[in-house]
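Structure, as structure tokens:
Chain nomenclature is as follows: A, B, C and D, assigned in order of appearance, with residue numbering initiated at 1 for each chain independently.
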Amino acid sequence: MSDVTGAKVAKSLLLVAKRVEENKDYLCELDGEVGDGDHGVSMTIGMRAVTRAVNNLPDSVTPQAAFVAAADAYADEVGATIGPLYEAAFRAAAEAAKGKTNMNAIGDWAAVYEAMAVAIQVLGKAELGDKTLLDAFFPAVEHIKKLATGGGDLVSALESTAKCALDSAISTKDLVPQKGRAARLGDRAKGHQDAGATSLAIVLAGFAEAIKAG
Amino acid sequence: MSDVTGAKVAKSLLLVAKRVEENKDYLCELDGEVGDGDHGVSMTIGMRAVTRAVNNLPDSVTPQAAFVAAADAYADEVGATIGPLYEAAFRAAAEAAKGKTNMNAIGDWAAVYEAMAVAIQVLGKAELGDKTLLDAFFPAVEHIKKLATGGGDLVSALESTAKCALDSAISTKDLVPQKGRAARLGDRAKGHQDAGATSLAIVLAGFAEAIKAG
Amino acid sequence: MKKLINDPFDTVQELFEGFVSANDHLIKQVGHRSIARIESPIAGKVGIVVGGGSGHLPAFAGYVGKGMADGAAFGNIFASPPAKPVIEATIAVNSGAGVMYTYGNYQGDCINFDKAQDHCRELGIQVQTVVLNDDVLSAPKDQAHKRRGIGGLFLVWHVAGAKAEAMASLDEVVAVTSKANANTRTVGVGLTSCTVPANGKPTFSLPEDEMEIGLGIHGEPGIKRVKLRPIDSVIDEIVESILADLDYKGSDVAVLVNGLGGSPAEELYLVYRRVSQILKASNINIRFKHVGEQVTALEMAGVSVSLMRLDTEMHDLIKNSVVDTCMYKKI
Amino acid sequence: MKKLINDPFDTVQELFEGFVSANDHLIKQVGHRSIARIESPIAGKVGIVVGGGSGHLPAFAGYVGKGMADGAAFGNIFASPPAKPVIEATIAVNSGAGVMYTYGNYQGDCINFDKAQDHCRELGIQVQTVVLNDDVLSAPKDQAHKRRGIGGLFLVWHVAGAKAEAMASLDEVVAVTSKANANTRTVGVGLTSCTVPANGKPTFSLPEDEMEIGLGIHGEPGIKRVKLRPIDSVIDEIVESILADLDYKGSDVAVLVNGLGGSPAEELYLVYRRVSQILKASNINIRFKHVGEQVTALEMAGVSVSLMRLDTEMHDLIKNSVVDTCMYKKI
């Protein structure tokens, strides 16, 4: 596999954006069941801004700079709850990728994912089980951290991590929300899959797909 | 047949009101195709007011007074185009029935119907063929006037007159409206049966039915 | 039918009661279905009486108060009021300086207001009438007397009310109202039908991907149905109809972007954005502008655009007026 | 989706442009998606900055002008604005007397406004925040801090704006705003969903014969679905929820009957009629009342009722105020 350079990270963000937008209606539908039906829209607006920003980056971009561009894009365009959460996540990803010229190792991605999840938790103050995107993200982080110590293949690690996130997102159906709009519904929100957890799984799957494509 | 007294005229107005209200939705539908969809509502409001007024009349009421009560009811409650037209019609009917203690003769009804149609024309200034209720009323008036000279049975005269009004109402489908809201549509209103002509036929059928019932 | 109502045959009466009690600091009830400005009659002032069917709020009763109308008569939904409430309002607002009737050009309104006018003149009240016909697409230009009155009446009454407020004579108020009407044009588009409560079903049905151009404020069909399109291209088309009907080039204008009841305010601002772009490009100067629901058709989704060409008199009247009516205020 | 829009992803930007140009006599653009009262900063005056997602007009930008808010930030539809436009508005309205943020209690707004507040305090601007939570049915009384802000913010801002206009200090403005919020309760009912333009489909679906009680102004589900009933009985139920939550007996109150966007004004007056009957029977004195669309959810059909219990200070502030904002005026 060729190096996962900053340019490749940037390119992977473009694929993530594509996959998110393809799922806009589905994400809105999930959000509409218990929230305000805009999650797919907010993510698409953010990811379009990311795409514009990334398209302006030089080929020589570092992984850190690519994540900073994504953070800035979310900060300026999205708002909502999800905007500052992803902004913080991408900014933390940048920090975790600081100084690196490539992200070839599973550990590089484990560090980035963990930093993202932690940043989201610090800002949004959700606990595991609160039925938020963290209920997909933290299991995925645990999963990739374990793989990082084993030292296997990056692509399959990213793929199985995305799969873990998706499984966890599906499992949010059983949870009663505690944060955000859905929290007001209590038991009425049971049985519905969390929109933010689902989009997070799509984001992680997008990274895996892009890195695999090389 | 027993005398068609003022009380019977009053009672016939109650049946007319009932039949009109039963056709409220149908009349609205006809009006909605080319107008503002309220004709059944306006007629029902008017006929409910007529019902209230007629219920307050003494048994000794004259035919004239019964029609005056109907005119006053329309004047106060309906408005719209149809309100003043029916007010004028009922007031003319009262005038035509002036001094009569009964309306046993076909000629009594021919005079009342003719007075009503003429009053509507004087106020509304519609010509025959303009696609208004007059396109049902005038043929009906011609019809009953002819029968009046023959001197047949009152009930069958009223029945065939109502039938004539209904046939004429159906024939309004072929006319292009010249008055009221529908006038603005020109050819687009062709093929639609005029709502006011239809309700007029229902009114005349109500009189016939009530007098037959005795 | 999804409506916040009780028995649909009670709707107008209950609406009237609610309206009167919600606005009792500005108006008083002066008859079964008629209201007048609380200070009426105002010595020396021409009284302006408006009215029409219910279902168009703020038109018509919503404009009673300082700077627009002095009295109004409530009809049933989409049905002209009978003469009686018009007469009651006329008597209540008449200070001796005369009364002007002004309303949209509908057969029912013309018949009933004319009856009231005849009656009030017999009572010795000076009454004049100005019937409004701003709806460009409701009849060709050579039959303009057949055109309906729609959203533009808001602009015309703005001018008329300011003139009366300035204690002009009846003739002067009538003259400026006629002039304002002659200089006002409107075109509307509708996306959905509305439902007359006592009818219970939508007046017409419009496929999910079609809109109606030129439809009336009672759900009367317009001149054509077109496919739903981006709003900019729709606004281009309707403003073009307006500009083709009257020469606005180089003029000062007042603009109204009017919501028909069911479209959110957000969309009205999108419409204003395009209208202002077109007028700028056409060298037409916007001197007064208003975006809001002013003449509605119950819950119909849609919009109308009105332009009033201003001369100095009309300009000054509309710009400098202070309006404090039940449902429209201008400081 | 039947909307008067262009590309749905351009809607907010175009709405912003339209809003700014339609109101350029009252406000100025001070950032990508932020506006300020045209005279800002006003020497010695506390600046009030509001904001939230778009789709609620007149809330929030519609209240910028004299007597209510000094600045506002536009979010995407139903999405809190990012911190940046809030910061821009803050800087624009800051005269040195300090700035108050006040907005409805939503996680997204809290996060973004808090970020802006941190940033502006670092710049040396005094900023205080009052988060509003009038929606009775959105959380039980012992968790009132979780309640949403909905229609009642109109009443709270009415008081807050009047206090700031009277040149009160930041602490005083914050105190009266908090007091007004603590005395304000709202309950809403919805008959239809709304559609986020870029989503394109209704957020939820409601059977033709059902309504939702307690739903939010973004289409969030309420506490229960009930069969469509005569409006009087619905209003009885929701006003009862309000009166059960706060003791209004014998008090002076301000009342807002608020339309959610899709219900015609006629229906709002029907609602006011019933509200005023109930309050009268409950020995509660209406000192201020307003009927209109003030805090909406795009084109959703429905209504909310808000009651604010008034002490002398709040009473005098709301009664005597003159308000001249983009979309609400009071003389």
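To be clear about the criterion, a contact is a pair of C-beta atoms (placed from the backbone, for glycine too) under 8 Å apart; a residue touches a chain by one contact, two chains touch by 3 or more.
Every value quoted in this text rests on a predicted model; they were computed, and no experiment measured them.
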item: Chain at maximum distance from chain D, centres defined as averaged CA atoms; value: B
item: CA centroid of chain C to CA centroid of chain D, Å; value: 28
item: Inter-chain centre distance, chain B versus chain C - centres from mean C-alpha coordinates, in Å; value: 33
item: Centroid distance [mean C-alpha coordinates] between chain C and chain A, Å; value: 53
item: Chain A, residues touching no fewer than two other chains; value: none
item: Overall pattern in which the protein chains touch one another (line/ring/star/complete/other); value: line
item: All pairs of touching chains, each written as two labels joined by a dash; value: A-D, B-C, C-D
item: Of chain C, residues touching chain D in the complex; value: 2-7, 11, 14-15, 17-19, 21-22, 54-55, 57-58, 62, 189, 191-192, 194, 208, 211, 228, 230-232, 234, 257, 261-274, 276, 289, 291-293, 296, 298-299, 301-303, 322, 324, 327, 329-331
item: Chain A partner contacts - residues on chain D that touch it in the complex; value: 9, 32, 53, 75-84, 106-108, 111-112, 115, 138-139, 146, 148, 196, 198-204, 216, 218-221
item: Residues of chain A that touch chain D when the two form their complex; value: 24-25, 28-29, 32-38, 40-42, 44-45, 48, 75-85, 123-124, 179-185, 188
